[in-house]
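What follows are several structures.
Common to both upcoming complexes is chain A, partnered first by chain B, then by chain C.
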Partner chain A sequence: MAEVWRPPRRLVWRIGEVVETRHATPRTKSLLLDVPGWEGHKAGQHVDVRLTAEDGYQAQRSYSIASAPEERGVELVVERLDDGEVSPYLTDELRTGDSLELRGPIGGWFVWEAKDGGPLFLVAGGSGIAPLMAMIRHRAVMAMIRHRAAAGSEAPSRLLYSSRSREDIIFADELDHLAASDGSLEVVHTLTRSQPPGWTGYARRIDDEMLAEVAPSPEQRPLVFVCGPTPLVESVATTLVGLGHDAGRIKTERFGPTGG
Partner chain B sequence: MSFFSRGFRGRRRQTDDRLPPGQYLVEGFPVLSAGPTPRTPLEEWDFSVGGEVDEPKRWTWDEFRALPSEEITRDIHCVTKWSKLSTRWEGVSVDTLLEGVQTAAEYMLAFCDGGYTTNLPLEDVTGGRAWIAYSFDGEPLQPEHGGPARLLVPHLYFWKSAKWVRGLRLLTHDEPGFWESLGYHNYGDPWREQRYWGD
Partner chain C sequence: MDERRLDGNAAGGLLGEVFVFETTTAEGACDRCGTVAHVGQQMAYISDIGTVVRCASCDNALIRVTQNPRGYFLDLRGVSYLRFEGSP
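Entry: the complex of A and B
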């Protein structure tokens, strides 16, 4: 059966209300928005945010959604770029109760739904965790639903997450908790700049050797999602292809200080 | 009625009238792509023009580089909001590649290493509006920016300027490409802010 073709509908600008802002790390903030009329999203998608000054001047940027499709509201992770125009407003000025204009969800490629299966291999650098967190949360919700229905197990998943220091790990507690309560989710951290006393994990940028150790074998045909700054994404994707992973199963997304 | 963001004034560093709506200027050259960067050796590289044509054409890298080339200086605009002014390229005009081709086609699909495609009306890639570029800023085009060669259609959003391009398939009907099938606008005019479906 051919799918019924539906004419594209315009993604309208909606006004969301900030219901919570959280200091995710010293350099990032997470914003939880209630967006009336929001029609849902898939894990991995992003939104466009538009700021308007009183005289009509506008600026737009894109931010990935970190919340699972099943959660109420839309959570965005914003990394503060010191010379940025939009991100310092979002991290420093925006408060609970403020309105924020956005439209989405956008992007149909860098997405994962539980029905896509696995195993999943997720690689994040810094705030690149945001769309991958949506996938991890989506996976956790689906696992809960399935276990309640006494059905099979979830796609095994592994996250390799590069942060500067322990305090820069976004969603650190939640990731610890999820990994502790779910035997099929493994979280591997690497801390590139400073490590707390007694740190036994990786303490360098993601490199070929680390990927060879952490990535599932190519024979397992993992679905790979890589999100972070361009140099990390370029080198991880290239290395994985070199290790024998199918380039067609590696999806990439960039998070970069490109002026945001 | 009109919405504004409490406390937002903006930096206004981009008052340039060469900047389309919703865009901001960058000095660097951000990289965006959907998957790993393909690396095809030049001896395996070729470029072809096929589809609705009287006779398909094909060039090896050396043959392609021997074609007449042009220097191009244009502003480029990415749908992710950054714009870069006066970028300098060198490449072969699509007019040169289509010289002598008999076709009833009104559209084309550019295809690339890695499986990426993008669709364009033929009139948007002819008449001095599109090139196959192999040099940026006086240097060979780097793989992460689409090297050895990418399509360059600077009057449309930059995803239309497909990286790692390997050929053009001429079509009598329009066929959505990669991003065009995944929520992005079929045509992509930055001056009309045609970012997504329905814009």
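Entry: the complex of A and C
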């Protein structure tokens, strides 16, 4: 299907309606928004959310979109930061039916579309999974469409995902399910703070040795997307370049030291 | 002041209010060191008063943009050019 050409236009602030809130993990919530006028997004893009206090004070933060372009609505994952200006409101106060001001979709740089191919190597820290989840979901939808029409091979993909504990893994069930039903998707977890009994996976922060073991070889020329807290993103990107990966194929999305 | 150092991608929102073209995939040439890179690859410093995109190679301030009741202020002195993808 040919893409419909749309004249470029400026971004505007829109009002979205919360249609569902879900507890993703003890520290994160997932918000599903219906945004009138939304023209669709690409996997990896983000939105800016703006809160306005009664006295006019405004605070603004960026949140990555976790839903696939093919899904209805816009799903955001919000990590609650105790001293944050925005996230406690989003996780604790916001209810179904409430309105939220946002602009987007934003960014054409940290984006993956099925036609970009692979192999894909995705590295997430905590709620950094959100834009990568959009890519994984997009890939799964495209695989389904293609397999229905004709046999096709999907870009082999590997996700390395760092969480504090098993309870903190966002989208844990869905990732398990997708990896089990799709031989070309591999999910590798590392749990940095606590591990359940019998855990045989990685149990430390992502380091050079782990990346050397898990990353596809540089010869495979993977497209790499790294999203998470700034220190994680910077150390992963630096290590991958050191391992011989092409810096031009590594895209990063820092959440900043605190997020907010 | 609350200032966050992020990827150039994070500047896409405010820049998207000014430019009709996608800015994070636009290429900018640093006026100081000559490095040419996509805006999304540069560093963005985001605060309540505005956004500064800095060269990832030499830290030169490439783009400054702010929005206040008087309008949008855009300072592009740090880039010798910006190249946007697109056709008329």
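Keep in mind that, in the parts below, the second predicted complex is superposed on the first by the 246 of 260 C-alpha atoms of A that agree within 3 Å, B and C clash if a C-alpha of one lies under 4 Å from a C-alpha of the other, contacts with A are read in each partner's own complex, and residues count from 1 in each chain.
What we mean here is this: contacts are C-beta pairs under 8 Å (C-beta built on N, C-alpha and C of every residue); 3 or more make two chains touch, one makes a residue touch a chain.
Note that this is a predicted model, so its numbers are computed, not measured.
**Student:** Superpose on chain A as described above, then tell me if chain B and chain C fit or clash.
**Tutor:** On the shared chain A, the partners clash.
**Student:** Using the touch definition from the top, say if A:E93 reaches chain B (first), chain C (second), both or neither.
**Tutor:** first
**Student:** Of the two partners chain B and chain C, which one touches more residues belonging to chain A?
**Tutor:** B
**Student:** One more residue to check, A:E101. First (chain B), second (chain C), both or neither?
**Tutor:** In the superposed model, A:E101 contacts chain B only, not chain C.
**Student:** Quick one: is A:A68 in contact with chain B, with chain C, with both, or with neither? Answer first, second, both or neither.
**Tutor:** In the superposed model, A:A68 contacts neither chain B nor chain C.
**Student:** Would you sort A:E234 into first (chain B), second (chain C), both or neither based on which partner it touches?
**Tutor:** first
**Student:** Output check: A:I15 vs chain B and chain C. Expected answer is one of first, second, both, neither. What do you get?
**Tutor:** first
**Student:** Which holds for A:T52: it touches chain B only (first), chain C only (second), both, or neither?
**Tutor:** After superposing on A, A:T52 lies in contact with chain B but is clear of chain C.
**Student:** Check whether A:F110 is in contact with chain B, with chain C, with both or with neither, and answer first, second, both or neither.
**Tutor:** both
**Student:** After lining up the shared chain so the two structures overlap, which partner does A:I136 touch, if you call chain B first and chain C second: first, second, both or neither?
**Tutor:** Neither partner.
**Student:** Which one hits chain C, of these parts of chain B: 9-17, 27-35, 63-71 or 135-143?
**Tutor:** 27-35
**Student:** State which residues of chain A lie in both footprints, the one left by chain B and the one left by chain C.
**Tutor:** Common to the two interfaces on chain A: residues 7-11, 48, 59, 62, 85, 106-110, 230, 251-252, 254, 256, 258.
**Student:** Could you list, by residue number, the parts of chain B that touch chain A in their complex?
**Tutor:** 2-13, 22, 24-26, 28, 30-38, 80-82, 114-115, 144, 178-179, 181-183, 195-199
**Student:** Any idea which chain A residues touch chain B in the complex?
**Tutor:** Listed in rising order, the residues are 7-11, 15, 48, 50-54, 56-62, 85, 89, 93, 98-101, 106-110, 230, 234, 237-238, 240-241, 247-248, 250-252, 254, 256, 258-259.
**Student:** In the complex of these two chains, what residues of chain A are touching chain C?
**Tutor:** Residue list for chain A touching chain C: 7-12, 46, 48, 59, 62, 85, 103-104, 106-110, 230, 251-258, 260.
**Student:** Quick one: in the complex, what on chain C touches chain A?
**Tutor:** Its residues touching chain A are 2, 4-10, 12-13, 16-22, 24-25, 38-41, 48, 86.
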